[in-house]
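Okay, handing you the structure first.
Chain IDs A, B, C and D follow the sequence of writing; residue 1 opens each chain.
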Amino acid sequence: MGVFFYITAAIAVFSTAMVVTRFNIMHALLYLIVSLLSVAVIFYLYGAPYMASLEIIVYAGAIMVLIIFFVMMLNLGPESTRLEKQWLKPGMWMVPALFCVILLGELVYLIAQNHTPVTGIKEVPPKAVGRSLFGPYILAVELSAMLLMAGIVGAYHLGRQQPKTLHRFLQSKPS
Amino acid sequence: MTLAGILFVLGLISMLIRRNMIFMLLSVEIMLNAAGLAFIVASSHWAQPDGQVMFMFILSMAAAEVSVGLALILQLYHQLKSLDSDEASRMKG
Amino acid sequence: MLFLIPALPFFSALVLILAGRSLNKAAVSVIACGSMGIAAAITLVLGLPFLQSGEHIIVQHLWTWMQAGSFTAGIDLRLDALSLAFVFVITFVGFLIHVYSTGYMAEDADYSRFFACMNLFVGAMLLLVLADNLLLLYFGWEGVGLCSYLLIGFWYKDPANGYAARKAFIVTRVGDTAMAIALFMLFQYTGTLQIQQILDQAPQLWAAGNSTIVLIAFLLLGGAVGKSAQLPLQTWLPDAMAGPTPVSALIHAATMVTAGVYLIARTHVLFELAPAAQTGVAVIGAVTLLLAGCSALVQTDIKRVLAYSTISQIGYMFLALGVGAWSAAIFHFVTHAFFKALLFMGAGAVIVAMHHEQDMFKMGGLRKQLPAVFWVFLIGSASLSAIPFITSGFYSKDQIVWLAWSSVHGHTFYWIAAITGAFLTAMYTFRMVFLTFYGPKASHHTPHAPGNSMMIPLYILALCSTLAGFVELPHTMGHVTLFSDWLQHILPAVQLQQESTALEWTSQLLAAGLTFLGIYIAWVWVIERPDGMLRFSQMPFMRWLRKLWFSGWAFDALYDEMLVHPFVRTARMNRRDMIDRIYTTLARITEWLHNMLARTQSGLLRWYIMGVVLGAVVILSVLIWRVYV
Amino acid sequence: MVLLYIILIPMFGALLSWLASARNIALCRWIALVSLLCGLLLVTVLWVSNAADPTPAGHWMYNWQQPWIPHFGISLHLAMDGLSLVMLALTFFLGALSVLISWREIKFKIGFFHFNLLFVIAGIAGVFLTMDLFLFYFFWEVMLIPMYFLIGIWGHERREYAAYKFFIFTQAGGLLMLLAILGLYFIHGANTGVYTFDYFYLLNTPMERAVAQWLMLGFLVAFVVKLPAIPFHTWLPDAHTEAPTAGSVVLAGLLLKTGAYGILRFVLPLFPAASHDFAPWAMLLGVAGILYGGQLAYSQPDLKRLIAYTSVSHMGFVLLGAFAFNELAYKGVVMQMIAHGISTGALFMIAGALYERMHTRELSRMGGLWPAMPAMGTVTMIFVMASLGLPGLGNFVAEFMILLGSWQANHIMTILATIGLVIATVYSLRIMQKVFFGQSERQYALPDLGLREWLIMAPLVVVILWLGVYPQTVLGTITNYELRITTFSAPHVPQAESSGRVVPVSDSSFVINHAP
């Protein structure tokens, strides 16, 4: 079981790294999908099959596709990659990378502190998830529904091409 | 768990480096995903469904967030004709 | 009745100030001279009972001026023999000077303002002399200082006069502060400022030579020195000649400068208790005597010569006070008032005649043009240089010279100083006379003789300066001591070391000889061989000496350098008020902080995320450090 | 009740004159003038009636008590004794004159100007009367704000800067004082269980030395800022140069006195022991003020700034005298407050008149004005001589008594202060020399003192001479206060007086720990 885990973990890390370094947006998106899938597999390994499926359906499927469509809509073309190259000077990397590594070091240090044996993976059937979802968390579910509804309305409203100006100071008309 | 940490940090790095807003959005996605992973590992560890319930919420939140984020980026793109986050610095102190 | 004496001049001054400009010249002079004349008349009337017995005293309390807890100071006047002498001189000479100045200031525009200030001055001086408590004396003291400021700076158009007036006021004010501190100490110990009570309590409170009484006496001496232009504070008198001549005659010859002498004479008990202070007075007197004498030798301006001679004559008075010859000092004051006022007014007549020309070298040969002025001037200078037997100056100065040596506190050094002083006085007086009246006629325009309103006072004063001498004859000549036993009850008689008349004869002869020698040298210097003297004075050492003496022994430069310049420089440097800068810098710091903060909001998204990350890192590291280490 | 009228008259006058200004300007000015004059009349009536049968030492002439917020023990407690009576007379006198002086000078928003002016005077009258610390702070603020407007709106070039500076300085001081008041309030409450702001109760609050030290410092800072002592004086020159003539007369004449009054009324009696320890420092501060203020006055190119620094120097004497703790210096301090108020007020009026004529305050551009304006010259001469302490004028009597009193307390300080007198001569004569004597390079036909100006100057000259020659009237009225300082004995709470003039103090205090 450990072997699978390490393989998928390696894939996930590699694909996220690729996402971070790619210049072209589409490549990065695709790598991201790969990384999501590998995470889904890990979910499954950790005894959360329901979550794995959800991850694939919602996350990889819906959100990623949405972003891809969005990018295609903007049809940035090659010049965006050139722009990207121009922005990603190696010099830029140093400072943030340094801090993130420190952060990582601390996280790892914390996790390693109370390290318990990894073997205790217990299966959590979707039925248990469902029961608790509508048990104590009923209110949270309603809230997330509200959140989604807000998201939709917001997306719709912002996305519309209003002819008139949005704000006093945003004079220029949207194309 | 360490994997979640690594993923999260990678997302963070990309967030810091990238000037393109879409990439920032992507890195937010990565970070969310890493957080979700951490939750799932924890729930599996204590055999409690809560972790997974939490992941459910993260998913829903991520979805809503992406939709609104993209709409905003669309608007900004129309205003500034570019996706560079430095352009949008009119809120200077 | 007594309060009328000071009240009259004050009242007329008030009238002149208020209605001054509307009255014409004649009315103004009538008011001014009238008030002085009546005051003189009242003094004579009040003075009569004093003639038989010296100890007659008139005291008058007007109203309580200040009353706070234990301290009470009333406006109360006291006339006794000593103050009568002063009041008589002030009113009599003052009246003559007023009459003289009606002529002298005839064509001046601010006629009424001049007389207002003159009357104010005489009023303040009378108050000073008649005051029974030290606070009222201080009132007169400062009032006199004010009027001298007003009168010296009378011709205010020329800023130099303004500067001289300010200098006079400030230097005398320094003396006044010393006196004020003496007043505080006296009040602290005796609980009152009434002069009589202080003089009674003083012997019990302090034994002779006790440190506090010596300090008090020295502080009083400081006040007297300031006002009478003695050694440390004498720089203002020569510059005070910037005022009109009647002012110099009244203030700088007859009355104000002798206020110091009056103060010391009035508080003689304190000085007797503090022998150190008394010797201090004598030393100051002797040294000033010599300094002023030398400086007078080289002056070119006729009034400055007289100014320095005044300083040296007051030096004589201080010397007399120092050696305990109280009545001699007062006698010298009386005679000096007469002939010095005469000399100043004579000089004024000459200046008016020469159309305001004050430089002696530009005058000459006035003997023939102004015979009357010449004769009067001659009498004055004769009594100044103490020509024996005929002039009053001889009797008063000779008495001081003799007592300087023979009195208990006397000392040969004082005698030598007095003798050389007499010699110097004779020399510079007759140098002045010869320069102005003898020699070739230097000035081109014809001098017009002064009107009789100026001449009459001159004649009267000439008469007085000759007759006044016979009131007090020395032992060798009939030993008439009318004046001193008149002052007997107020001022103790001088104790002599030994009574030998032979010694007295020798000192008198020596003094007379030196005076004639001085006159002869002056004759040679000016008339006989002026070119010889010129060569003599060109020698390098002589030129340096001449320059030193001319500037009044460089005291002016000394004080400027020591006191005036640092004060002015620091003041100018500090114009913008350093402490203000503290607050403005405070304001600037807050502004700078504000800018720093503003810069952090750069609007760049990535900087904000960086901030978040940094925060996270810091918190985590703290957590780890706290929990696990 | 008569005390309440004294405060209310200027307030109503203020409102009335503001309303009247809508109709016509002259009416508004006359109302302001009349209200102040009848205030002055009231105070003189009180003075004369008191002079007739002087109250025994240690008692208060009038006392009026009205519970305001009983819950906290705050009461409208107004009382008047010799000190406050004299100060009120000065307030109304200078107030009336300042209205007169601004007859032609203020051109715009005249109603509001008079409103502010009268409110300041009401505030000052309140400050001099209150016996309740809370009310004292209230009037302290009431006095401050209109003054800020006076400087800020009708001032000269840099008025905003000066107004801000003035406000911040005094406000900071005031806040410290508020802390001290509250501290005192709670300590008193804690020790004696009686929570009250009343002055008489707070007088003998037992507290240990360190606490007393701090509370005293809190009070002292507020008054030292107001009475410009050295480290906190920099607001004064700016405020004076920028304020309109009436403003700077009220500022110099009255506001500085509230500082000195505060010290005499609150700092010394409330914290006798602490102020005794602090005395040498305070005297040092005073003497430093005299010398430093004097030197700065000498170097100022601007006439009003010069006069401002002279008042810093004069107020140094007040500080010196206040902390000399003897009855002589105390009376000298009160005299100094009055004489300085009049002489500096007059000097400011003259400076204002000069500014009106020549539109400049630069000394270098003035000179040789005597031929053009002999009358103003003589009046300035009188007040310049007063400011340098010439005997026969008010200031000398005050300064002499202060120095005489402080000699008992501390020799060195007094010697330094007397040296200050010489510096006073230097800068005062500089005014005369620079403005009136000397050469005048420009020939300008300047009108001499007009009738209105004579109407202002004549009473001032008369009062300064009267103070100089016969100060006994003033010295007489302030007898009944000194008993407290020298003997540190707390004033016995005024019992019921026969003639009903002094109302018995009702026990308005309220004990918090148990509800009534």
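FYI, a residue touches a chain if its C-beta (ideal position, glycine included) is under 8 Å from a C-beta of that chain, and two chains touch if they have at least 3 such contacts.
All values reported here derive from a predicted model rather than from experimental measurement.
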item	value
Between A-B and A-C, the pair joined by more C-beta contacts	A-B
Nearest-to-centre chain - CA centroid comparison	D
CA centroid of chain A to CA centroid of chain C, Å	103
Centroid distance [mean C-alpha coordinates] between chain B and chain A, Å	5
Centroid spacing, where centroids are CA-atom means, of chain B and chain C in whole angstrom	97
Mean-CA-position distance for chain D and chain B (Å)	69
Residue numbers of chain A (touch at least two other chains)	96, 99-100, 103, 107
Shared interface positions of chain B, touching two or more other chains	12, 16, 19
Touch relationships between chains, expressed as pairs	A-B, A-C, B-C, C-D
Chain D contact footprint on chain C (complex, rising order)	17, 21, 63-71, 113, 135, 138-139, 142-143, 146, 149, 153, 156-159, 162-163, 166, 169-170, 173-174, 176-177, 180-181, 183-185, 187-188, 567-568, 570-572, 574-575, 577, 579-580, 582-583
Residues of chain A that touch chain B when the two form their complex	9, 12-13, 16-17, 19-20, 25, 28-29, 32, 35-36, 39, 42-43, 46-48, 50-51, 54-55, 58-59, 62-63, 66-67, 70-71, 74, 76, 80, 83-84, 87-88, 92-93, 96-97, 99-101, 103-104, 107-108, 111, 116, 120-124, 128-129, 131-133, 137, 140, 144, 147-148, 150-152, 154-159, 166, 170, 172, 174-175
List of chain D residues in touch with chain C within their complex	165, 230-231, 233-234, 237, 295-296, 298-301, 326-328, 331-332, 368, 370, 374, 378, 385, 390-392, 396-397, 400-401, 403-404, 407-408, 414-415, 418-419, 421-422, 425-426, 429-430, 433, 436-439, 469-472, 475-476, 482
Contact set on chain C toward chain A in their complex	610, 613-614, 616-617, 620-621, 624, 628
Footprint of chain C on chain A - complex, ascending	95-96, 99-100, 102-103, 106-107, 109-110, 113
